[in-house]
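In the two assemblies presented below, subunit A is common to both, partnered first by subunit B and then by subunit C.
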Partner chain A sequence: MSIATRRRREVRDAILLVAPFLIIFGVFFLYPTYKVIALSFTDAPLIGEGNWIGLDNYIKLFSDRLFYTSVWNNFYFVLLTVIPTTIIALLIALAVGKLKGRMQALVLTLFFLPYVLPVSVVTMIWAWMLDFQFGILQPLIEAVTGKPVPVFKNPYWVMPMIAVVTIWWTNGFNVLLFIAGLRNIPDDLYEAAALDGATAWQRFWRVTWPLLWPITALVLTLQLILQLKLFDQVYLLSNGGPFNSSYVVLMQMYREAFQLNNGGYASAIAMVLFGIIVIVSVLQFQLLRIGGRRK
Partner chain B sequence: MEDTGVHLRGVTKDFGAVQVIRGVDIDIERGQFAVFVGPSGCGKSTLLRMIAGLEETSGGKIIISDRDVTDFDPADRGVAMVFQSYALYPHLSVFENMAFSLRLAKRPKAEVKDKVVEAAQILQLTDHLDKKPSQLSGGQRQRVAIGRAIVRDPDVFLFDEPLSNLDAELRVAMRLELARLHQKLGATMIYVTHDQVEAMTLADVIFVLQGGYVQQSGAPLDLYDDPSNRFVAGFIGSPSMNFFNATVEDRTDTGIRARLEGQPDVAFDVDLTAPPDPGATVVLGMRPEHLVVTEGEGMRVTVDVAEELGGVSYQHGTLDGGDPVIFQQTGARHNMHGTVQTVTPQTDRIFAFTPEGDRIR
Partner chain C sequence: MTAKQGRNIAFSALVLIAAAIWIFPLYWALTTSLRSENRIVSDAGVWIDELNFSAYIEVLSTSKLPIWYLNSVGTSLIITVIVLITGMMCAYALSQLRFPGRRLLYLVVVASFMVPVPALYVAQFVLMSDLGLVNSWWGIILPQLIVPVVVIVYKQFFDAIPKEMREAVLLDGGGEFTLLFKLYLPLNWGITAALAIITFISAWNNFFWPFLVVTSESMMTIPVGITQVNDSFGVFYARMMALALLAAAPVIIGYLIFQKRVTEAVMISAGVKG
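== the complex of A and B ==
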């Protein structure tokens, strides 16, 4: 077989192998992405063509007070979830890591279980548990505040409670990442540190923490991106209320697109959210990298 | 003078129902280079980790520098350990790896620098202090691990198979460096290996471990010349000793005359002070280097593999009865492959053992 024929075959095989992915990626990701960008410069309804209106959608958006409320709520939610969930996952992983064999697998499964549930089930469970009249958690709230609180109808309680639900739901995955990271640290290092005279606390700060840092940075970044895309829990638990106190950017996009039929405007919101996520996560990743290098 | 040696008294270790160390007494004097040697699974690494405090001691006492340290934390025992995997902190530079214990103890900066630089000079690491462990070769990493131990200025250095991750050439070079280091520092060192060549070349005193017991201890050549049982005789020396079953035919003035099983025409005189009765079964041990080719009577060996090493060659073969035999020839190119040779042992170099493996003297 000549070199030319063989090369032609290799190219043909390569194309055959890559094609399925490229086609699906193109049809279901690239084309819609292009469409959203194009739509955001038109006054199109959800279905059908619209007229080119240049940057009008963006100008309108940046003078929309509800949009600023939504962005603010998004960042408030990020603050409530990202770092707490990372710390909780790390603590759970450290504790689970001390267990042995089957016990460890069992406990890990228990922590991972909520992650398997669909969001509708999760919100249903918590809506019941926090129900104003019959919720089993109301006595707890009553014990702290002195009276039962309709948490999803109270502007001060709604965001923190959605954060609690979200952390409970997604924490298992982070625990799993941390467990994997902890298992990658060889036991010898802890033994060497013990011989060098390190206390348990010093072993954590001088061995575990720096060696786990890449995983911590990964968890923080994944969480940041995930929590900025908050929608389902808010939609199902509070629908953005009360008084827009849990209104978030994706909520606004959903309402403009699917309830008010403003496809163009909704696309512009989506584009701005995309921009925010890119900027914030790149910024965070760079900060974490610098933090990691300093150690 | 203060006794800074290491002494073990009736030390045992249980893992659940399994006892891996079954009562070990060991005395290592100050400044000695002691080697624990034995096949894998003999408990030598466990014993070392017990001295380090990384494994709990189930019974008995461990005494280091006149202190009973059996229940002490690893850091308080005055020991430093070099791990097989080196166990260097990958996120720290060579300098910080070596300075780790001093930083934990919050020593002044100047002192930290002095000690690390001094250790780096001993180990020729001065040019590598700013590098990360991943940028170093295997031998350099090994030296950093040793440096980390030196900086702690311990009473006892512990080495857990430190050379087994290195290639053969580097292993020989590092072996020499370790011997020099021991002379320079004069500290007590305990070294674990499964490689009897390392044990023979490095040790002042060897402890042969097997089945959770110390089988024999002593200077390397004492173990070689005078093994106390069949296991030690087979383990010390390379290639290992040949063993043949034999029957005591008669008592002589100085010992016994034993005839090999399956070789009715060969009998050897063995000098013994406590000779067994005629008719008893014994095991005769002969080292490959003590078997010489002869024109006269002897054991007939069919040579099937010849290992020619240049200076010496090892001829592997079988007796008529099927027992495997190795004998050594000085110089190469004997072309014995496929031939039948007659060999006979140097008479005063035959060891006798009971069938249970105890030495008959």
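== the complex of A and C ==
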């Protein structure tokens, strides 16, 4: 077989192998990506043609007070979830790492299990736990506030409670990442530190924390991006209310597109969310790199 | 030594209690689902003291749960199979063959991680509507076939296979497809199983997209369907919890059986995103 034939066959086989993925990727990912950009410059309804209106959607969006509420709520939710879940997951991982054998497997299973549940199952269970009349957690709330609170109908409680539910649901994923990171730290480093007379506290801050930093940075970044995409829990628990106190960007996109029939405007909202996620993750990446270098 | 052992046992017990508190909502759902409705609102002990299956029977006989199971199993299976086969083939070409546009394709796949998928839902919905696929299995399936992580993970595993093995098969007259399905795939059954399970679970659990593309109750998947029953049941707590647990049962059982694979897949795919 000549080199030329062989080369031609290689290219032909490559095309055959890549084609199925590329067709699906092109039609259901690249084309919608282009389409959502194009739609954001039109006044199109959800289904049907629209006219080119330039930047009008964006101009309207940036003077839309509800949009600022949504963005604010998104960042409030990020504040309530990202760092708390990272700390909780790290503590759990450190504790689980100290256990041995079956005990360790059992505890890890219990902490990870909520992560595999469908979101609507999670929200149903928590709606029942926090039920205004019969919720088993209401006595706890009553102990703090003096009276039961309908948490998902109260503008002050709604976001923190959705954050609690979300952390409970997704935390197992972060625990796993931290456990993987902890296993990669060689034991002799701890032994050497112990020989030098380092206390457990010193061992954590001088050995564990700096060596674990890449994983911590990964967890923070993934969580940040994930929590900015908040929709399901809000839709199912509070539907954006009360008084828009849990209204978030994807909620607004959903309402505009599927209830108010404004496909073009909804696309502009989607584009801004895309922009926010790109900017925030680039910023965070830079910050985390600096944080990593200083150690 | 005994003091240290004692401290270890105390520590283990403490962690176990924390884990038990963590899983309590699920346990409480189970307890509630096994009680009669009027007991739930009158007295509520924490222990399972009644084995009343009427809520389960009620849910299974009055809701469309069996049809939603079928829809969820069907769509999730098809998604898993297509994602794995197309991803594996593409990864093989990226890893082992030289062809024009290879670097560009790889870059586009990696860059696609940046795009928040829900931002595309409006455009994907319009596309599904143009194709006449709203309220159908394919409408649920097609946009969920984009799982670039699978390509990257397979590529990394294929990259690690020594070239000599490949030369041997080529000398025997085998082609690229023989190589992929007779050599590369069998060497990677472990990671294939892990990717399959995690793809299946995330397809099964997807709420937002099926919620948008399906409006007719008989086409709904489990996570969307159960929210409908929720509205019609109102204050029947035992039934709601029975419903939630029946909806979660397949993923819980699947996770308990394939635990090792699930954790492996989660770790690998997260590593790729980082």
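Just so we're on the same page, the second predicted complex is superposed on the first by the 295 of 295 C-alpha atoms of A that agree within 3 Å, B and C clash if a C-alpha of one lies under 4 Å from a C-alpha of the other, contacts with A are read in each partner's own complex, and residues count from 1 in each chain.
Here, a contact is a pair of C-beta atoms (placed from the backbone, for glycine too) under 8 Å apart; a residue touches a chain by one contact, two chains touch by 3 or more.
In this text the structure is predicted, and so the values were computed from the model without any measurement.
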Fit or clash between subunit C and subunit B when superposed on subunit A: fit
Quick one: is A:Leu211 in contact with subunit B, with subunit C, with both, or with neither? Answer first, second, both or neither. first
First, second, both or neither for A:Phe274, with subunit B first and subunit C second: second
Using the superposition on chain A described above, determine whether A:Gln202 touches subunit B (first), subunit C (second), both, or neither. first
Partner contacting more residues of subunit A (subunit B vs subunit C): C
Does the superposition put A:Leu90 against subunit B (first), subunit C (second), both, or neither? neither
Roughly how many degrees, to the nearest 10, is the angle at subunit A when you join its Cα centre to the Cα centres of subunit B and subunit C? 80
Once the shared chain is lined up, is A:Leu17 touching subunit B (first), subunit C (second), both, or neither of them? second
Figure out whether A:Val82 sits in contact with subunit B (first) or subunit C (second), or with both, or with neither. neither
Based on the superposed arrangement, let me know which partner A:Asp188 touches: subunit B (first), subunit C (second), both, or neither? first
What does the superposition give for the shortest Cα distance from subunit B to subunit C, in Å? 8
Intersection of the subunit A residues that touch subunit B with those that touch subunit C: none
Interface with subunit A, subunit C side, in the complex: residues 11-12, 15-16, 18-20, 22-23, 25-26, 28-29, 32, 40-41, 44, 82, 85-87, 89-90, 92-94, 97-100, 102, 105, 108-109, 112, 114-116, 118-127, 129, 142-143, 145-146, 148, 151, 175-177, 180, 201, 204-205, 207-208, 212, 222-224, 226-227, 230, 237, 240-241, 243-245, 247-248, 251-252, 254-256, 259, 262-263, 266-267, 270, 273-274
What residues of subunit A sit close enough to touch subunit B in their complex? 186, 188-189, 191-198, 202, 206-207, 210-211, 295
Residue ranges of subunit B in contact with subunit A within the complex: 52-54, 73-75, 79-81, 83, 85, 87, 89-91, 100-101, 104-105, 148, 152
Given the complex, residues on subunit A that touch subunit C span 9-11, 13-15, 17-18, 20-22, 24-25, 27-33, 35-36, 39, 46-47, 92, 95-96, 98-99, 103, 106-107, 109-114, 116-121, 124-126, 128-129, 131, 133-134, 136, 168, 173, 176-177, 180, 214, 218, 221-222, 225, 228-229, 231-232, 236, 250, 253-254, 257-258, 263, 266-267, 270-271, 273-274, 277-278, 281
